[in-house]
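To keep things simple, chains are lettered A, B, C and D as they appear, and every chain counts its residues starting from 1.
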Amino acid sequence: MSLEPPLCPAAIRLTGIDKRFGAVHANRAIDLTVQSGSIHGLLGENGAGKSTLMKILFGMIHADAGMIEIDGAPVTFRSSAEALGAGIGMVQQHFSLIGAFSVTENLIMGRATGSLAMRMVRRLDLPRAARRAQELSDCFGFGIDPFARVSTLSVGARQKVEILKALWGGARTLVLDEPTAALSPPEAEELYALLDRLRAEGTTIVLISHKMPEIMRLCDRVTVLRDGAVVGEAELSGKDLARPAVRQLIEAHLVQMMIGRGNPELPQRAPKEGPLILDVRGLTDGVQFGPLDLKVHGSEIVAVVGVEGNGQSELVDLLMGLRKATDGLIAIDGHNVIDWSTQRRLDAGIAHIAEDRHATGVADGMSLIDNASIGFVDGKPFSTGPWFLSLRQRRLLTETLIERHQVRPPAADIPMASLSGGNQQKLVVGRELARAPRLLIAAQPTRGLDVGSTSAVHRALLDLRAGGSAILLPSLDLAEVFAIADRLVVLRKGQIVGRMTAAQFEIDQIGRWMSGSQGDPAPGPPCPDAPKQMDTAL
Amino acid sequence: GDAPIWTMITDQNGLGDHGFNDLAKLGLDKSVEAFGGRAQVIQSTDQSQFVPNLLQAVAGGSTMVVGVGSLLNDALTEVASSRPDAHFTLIDAVSTDDDGTPLLNVASVTFREQEAAFLAGIVAAMTSKTGHIGFVGGMETPPVVRFLAGYKAGVATIDPKIKVSHAFVGSFRDPAKAKVLAEGMFDSDVDVIMDVAGGGGRGIYDAIIAEGADHWVIAADTCKGHLAPNNFLTSAVKDVAGAVFYENKAVHEGTFEGGPQSLGLAEGAVGLCADNIDTLPAEILAKVDAAKNKITSGEVTPPDTYEALDAFVPAQL
Amino acid sequence: MSEFITLSLFASTLHLSVPVILPMLGGLLCERSGVVNIGLEGMMLSGAFGAVVFSYLTGNPWLGLGGAVLSGLISGGMLAIMSVLLRGDQVISSTAINLIGAGLTAALVPIIWGIDGTTPSVPKIPTLPLPLLPQLPVIGPLLGELSMIDVLAFALVFIVWWVLMRTDVGLRLRACGESAAAADAAGIAVTRVRIAAVILSGVLAALGGAYLSIVTLDLFQASMTQGRGFLALAAMVFGKWRVGPAFLVCLGFGLADAVALRAQIFTDELPHDLLFALPYLLALVALATFVGRASGPADVGKPFRRA
Amino acid sequence: MSSKRPALPRRGTARLDPIIAEALDARNTTPLTLGAFAALTRDRARTLGARALVFVLTLGASMLCALPFLLLSGADLGVTARAFFIGSLGSQFALAETLVQMIPLLIAGLAVAFSFHGGLFNIGVEGQLIFGGLVAGVIGAKLDVSPALLTFLCLSGGIAGGAFAALIPALLKAYRGVHEVVTTIMINFVAVYVALYAVSPKGPFVSASQPSATDKIPRDARLSVIWEGTRLHSGLIVAVAAMIGVWWLLYRTPLGFRIRLMGANPGAALASGVSVARMTNSTLLISGGLGGLAGAVQVLGVYGRFFDAFSAGYGYDAIAVALLAALSPIAMIVSAFFFAMLDSGAVQMQAVAGISREMVGVVSGLVVAFVAIQPAIVHLSGRIQRGNRPPEADPSSTQSLPLASGENR
């Protein structure tokens, strides 16, 4: 891969990019210039148009108007293939890897050149590609096994594969859309280091993120979008960000631009000790999780942190009864629920904000009403017996939730798919809170959400805490943990390796616990029901 | 009055079965030649259309409505009893009201296929050199069973030691399977096969042509010599066309009287294919004629069911 | 029994399975690219018909095969337009192919030949014996039962497997079936790949039909495929969308049919109707016992749209 | 454990935050303002209108495409069209016949749609229909009880028979994850051969008087004629009842909600405490039961006995019927009626215009084709935006259906 810095100073120049999706005006005459060899930040709330803009640059979406120049030369990409050809690589906001394929296959798919006939008969040289992948992975210190099936990789590892994929063709320009949304701090650190290095080697990088710290940490320059239009730019390189005063000033400024008002403040909270609500003893699934003990009291938010794939999801599934426990005890208010069905546990007062909204949180195809009434179909006022389920009551519930949690747009009959993730999440949170849970399991409740939505969710959780409920908060976002958690436990390889109270919170120690003392991130366990291996025939 | 309309209603198998549907159509055409008017065929897509189709035909002012196939029995009976003034012919079944008395505006024509098949069996038995004879049926329906029973009885009358293998394709429309079946029989050195597989039977001719000389096929319903000229032995034909024509004629001349009519050798309504009858060896013809006489005189009654076949004792011809 | 298990039982098995294998390959390619295709039956019928028409008009059975390919292109093209270009529901689109294929072919027979149901005989593909292979020691006699065209059919199985599993084109195709979005992001022209796959499935299914109409037989008959297209679909799922297993399943169905047909020759005691149900019952039992979870390509059935 | 542990709420009752509950009561008591009501009805009307428009466009387009084929079979279009409408609607008799044809299509269509809503692709309705018909026919022929009871037994027997035919696929799907498509296809084949055997000359249930059929069911135990002088039987009432029942079950009962949720996102269903295995069974058994009912009604209403070949592939046409109705039980009466018109119109078109019965198959094929590309048509007509479309009319909800997802285990 050629990494010598290009000659032309402006690596990317977008002028007058405009894009409409039906009613939505996603990009409004956007001008954007990215200096080569720099890291350029792209900020904005959910739905501000960041992804759309970058997808246009990457040839995946065709702009209604506007022009793209790469290294000063105007280009028009009809597909991402052409963008890749022009040395642009992009890491999508949502994983675009194929779980059933090996890492190598994911890297080389669509890359082979030559005549169709040739490509139809010639055998793919996977071993050679794998060797190359190995080298690339090594030179970045990724430690990815080229032959591993992607579905068996931890989210962090997948993110790395995405980056390898973006760089595979020797990209000189790299676009990253919320790359750390799913990474643990240690993993994020590794990524930052890598980006620094790529920049040093002359690669131009565009970074979309909702996380202020990483913007501050990495970017030379930031562009802020709001409602599809550029609302401002800020030069960071050269600023003395070490000084907290300067730093806060700039942050405030950016947030101001982003959401049109100051950074939302969280209400101060007084620590108070409630009764024991969740009591977990010797819980294990007999495979790679536990045995584990954990207590959560009322009016307490206990965060569960750890590198993805070290047992957070397993813990949640075990608590919810979505995974079979081979041994141990789970007590809610002193009732052992270990043998209870998920349904009974919900009835008993456990609520669950799912980690992966699209997989288990919502039903995209169904209306808001149906999504809001998930789990609210038994008993009064919603149903009287098995033969009647009231639409009116469910509609009222939905409208109540929409109102209380400012879901936009405020329409109950539209399909869930037409809401932005942020708004989808608001509805989910509202729904789960409406169960008046004794224990709320809020798994990564703000993943991928913008500042506004995030603080809304946080405020909701704190209100619940004030109401005396217990909250378990598996999260990868330490900023979030520091903001609202009272205690945290660190999971590693399915075990609790460390505990802290809010007073003691200290990031380095947590980092050491998460990554294990030697600092090598634990390999993720194979995911339980990976799709069958596809590429073995005859 | 005005020109007559000769109408026939098929079951869902419809025209192109090389069997009684096509033959009945022939009967209509003959009627048109003889008595003028026009012929009209309504093919049913499915069973639930029998009644509307029949009513349609009656409403259309048909001089005679021919229902072809036993499946139409219920429907035709229902319509006929509600339209006593209209004339019907029902092929292959007997139309009676609920307490079993025949409807008088319906001529219910059934054929004694077993008698023709009996003769075919004789020919087969005397032609086979390997002593192993085959029978391929489409599905196990009563007419097919009548052919089978008569055929086996005929063979047994010549030589009880001759082995007769019968098999069914499972459909009247799967020539590919019929061919595989025929090939299978040739492997266990069958040298004469009787084909009662309907349209699917075409597969058998395909197989036998590939097999070449000294292999013979016996058709049913019609003469199918053109399908395999060198291997065609004979055919157990039933004169559906003639029966249809006869009833139409009766209506035309006002001599129509309904009720069940069983047609066989005696009435000359079934028999062996006339096209190539004289190419058969003399001694075979002799036996065939002998059998004919015994059947018409009632000394021999070819079986028409499995039970009757089991009870059948070969008589000396 | 020894007289029952003969070479030609083997031959029958092959001849009964080839017209299931070819459409199975088509369906497999199609679904691996992410397009559900339950229209194989209709595609087979149009193929069988096209072959007979061309063989009849040109008097040359090989051109008949050309006719099959042509009708395959047409039916496949129709499905591609409906389900890929216009993003119609794939199940409904292929259902339409079935209805039109069955109806049109049956309706055209009387229009062309003036007789209902079955066409007259047309020139059929000669069964060329294989060169010298039959002289081989053990397997020789078996191969002797094969004709050139059979061998070509089996060669197709290998070719499809190779292209699908070992080449770049195959990787692209499978990517489209696993995640159209990911494939798109990787610069693969999802729509083009899927269109190609669907059309190819049409051609393969059509060849399956042609095998029935001008290789096994020499005629076309309304609905002569008798559900083999659906059987192919079953074999594909049963084989978990993998060429090898699905191929074996087809052979299994062929064997079961051959046995069900030929067993009757040796005994009268069998309730043959139930015998014909045997293959399906066996398959069900197999699925219930040792085959286990089968799930298609992750993205199959979902039309691909990009803003 | 702590002695004073809070009591658990009654099981089978969703917990609801008192505050929310109050809010609900508040809204309950505040009457729907005229404006809001107007808005709601306007939305509903627009949705309905949009759907009607799509429906009409679809049919129109397909009829247009059918023309060349009709010309191909050398027919005079005017005559053909008149024959079609006279044959399907032209007289009391024609209308009644169309309704008679509609009954099995409607019930079978409901069977298909029901499984679709659960994300399960039951194409075994044909087989279930045959089984249902067989059971009903055998009960009706063999049992000697009072007519009313016999009718009841036949119908419920038919439902049981259909459900039985769906049982194996259901269990395989629920507990072994075997794709229901392949299993239901195979059940179809099995059903055909079992039916053949049951009434074959050596078969156990064959009638002495009528080949390949069971004995007749006593007249007064059959479904009575509800329109004098026609064949229209009370099966129509059964069908409409089934339609309303299915709609209610899907949209107005907890079970239906769970089934639809499973269809929309099995993961979400699982996470919210729905037992996907149990729902899979319920869905397929109910769907199969409906299929069986269709067969029983046809046997009791039209034939009065079971014939091995009594079904004209209703189970397959039902797929088209269900999809033309976008899976909406209520809209299904329209699509079922349309396909019934094709069937009954066919007779006249054949007799008068000389359109071969196969051409009719082509026409319905074309209709299905245009149903398939409805999304594109919608796009063209440009009348419906993403927003105001209820899920079941939303193409994406049908697209992510059945065969589709490996994830709908």
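We adopt the following convention: a contact is a pair of C-beta atoms (placed from the backbone, for glycine too) under 8 Å apart; a residue touches a chain by one contact, two chains touch by 3 or more.
Keep in mind the model is a prediction, meaning the values are calculated, not measured.
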item: Set of chains adjacent to chain A and to chain D; value: C
item: Centroid-based (C-alpha) most distant chain relative to chain A; value: B
item: Which of B-C and C-D has more C-beta contact pairs; value: C-D
item: Computed distance of Cα centres, chain B from chain A, in Å; value: 75
item: Chain C and chain D, separation of their C-alpha mean positions in angstrom; value: 30
item: Whole-Å gap separating chain B and chain C, where each centre is the average of the chain's CA atoms; value: 36
item: Mean-CA-position distance for chain C and chain A (Å); value: 45
item: In chain D, residues with contacts to at least two other chains; value: 193, 196, 200, 202, 356, 360-361, 400, 406
item: In chain A, residues with contacts to at least two other chains; value: 531
item: Multi-partner residues of chain C (at least 2 other chains); value: 222, 273, 276, 293-295, 297-298
item: All touching chain pairs, where touch follows the definition stated at the start; value: A-C, A-D, B-C, B-D, C-D
item: Residues on chain C engaged by chain A in the complex (per definition of touch); value: 161, 163-169, 171-172, 174-175, 178-179, 181-189, 240-244, 247, 293-295, 297-298, 306-307
item: Parts of chain C lying in touch with chain D, wherever the complex brings them together; value: 36, 38, 78, 82-83, 86-93, 95-104, 106-108, 110-111, 222, 227, 230-231, 233-234, 237-238, 271, 273-274, 276-277, 280-281, 283-284, 287-288, 291-298, 300-303
item: Partner chain C, residues of chain A touching it in the complex; value: 21, 52, 55, 60-62, 79-84, 90, 92, 94-101, 105, 108-112, 116, 119-124, 165, 531-532, 534-538
item: Complex contacts: residues of chain B adjacent to chain D; value: 12, 14, 40, 42-49, 51-53, 55-57, 60, 70-71, 73-74, 93, 98, 139-142, 145, 170, 305-306
item: List of chain B residues in touch with chain C within their complex; value: 14-18, 134, 140, 165-171, 173-177, 179-181, 183-185, 187-188, 190, 199-200, 202-203, 206, 227
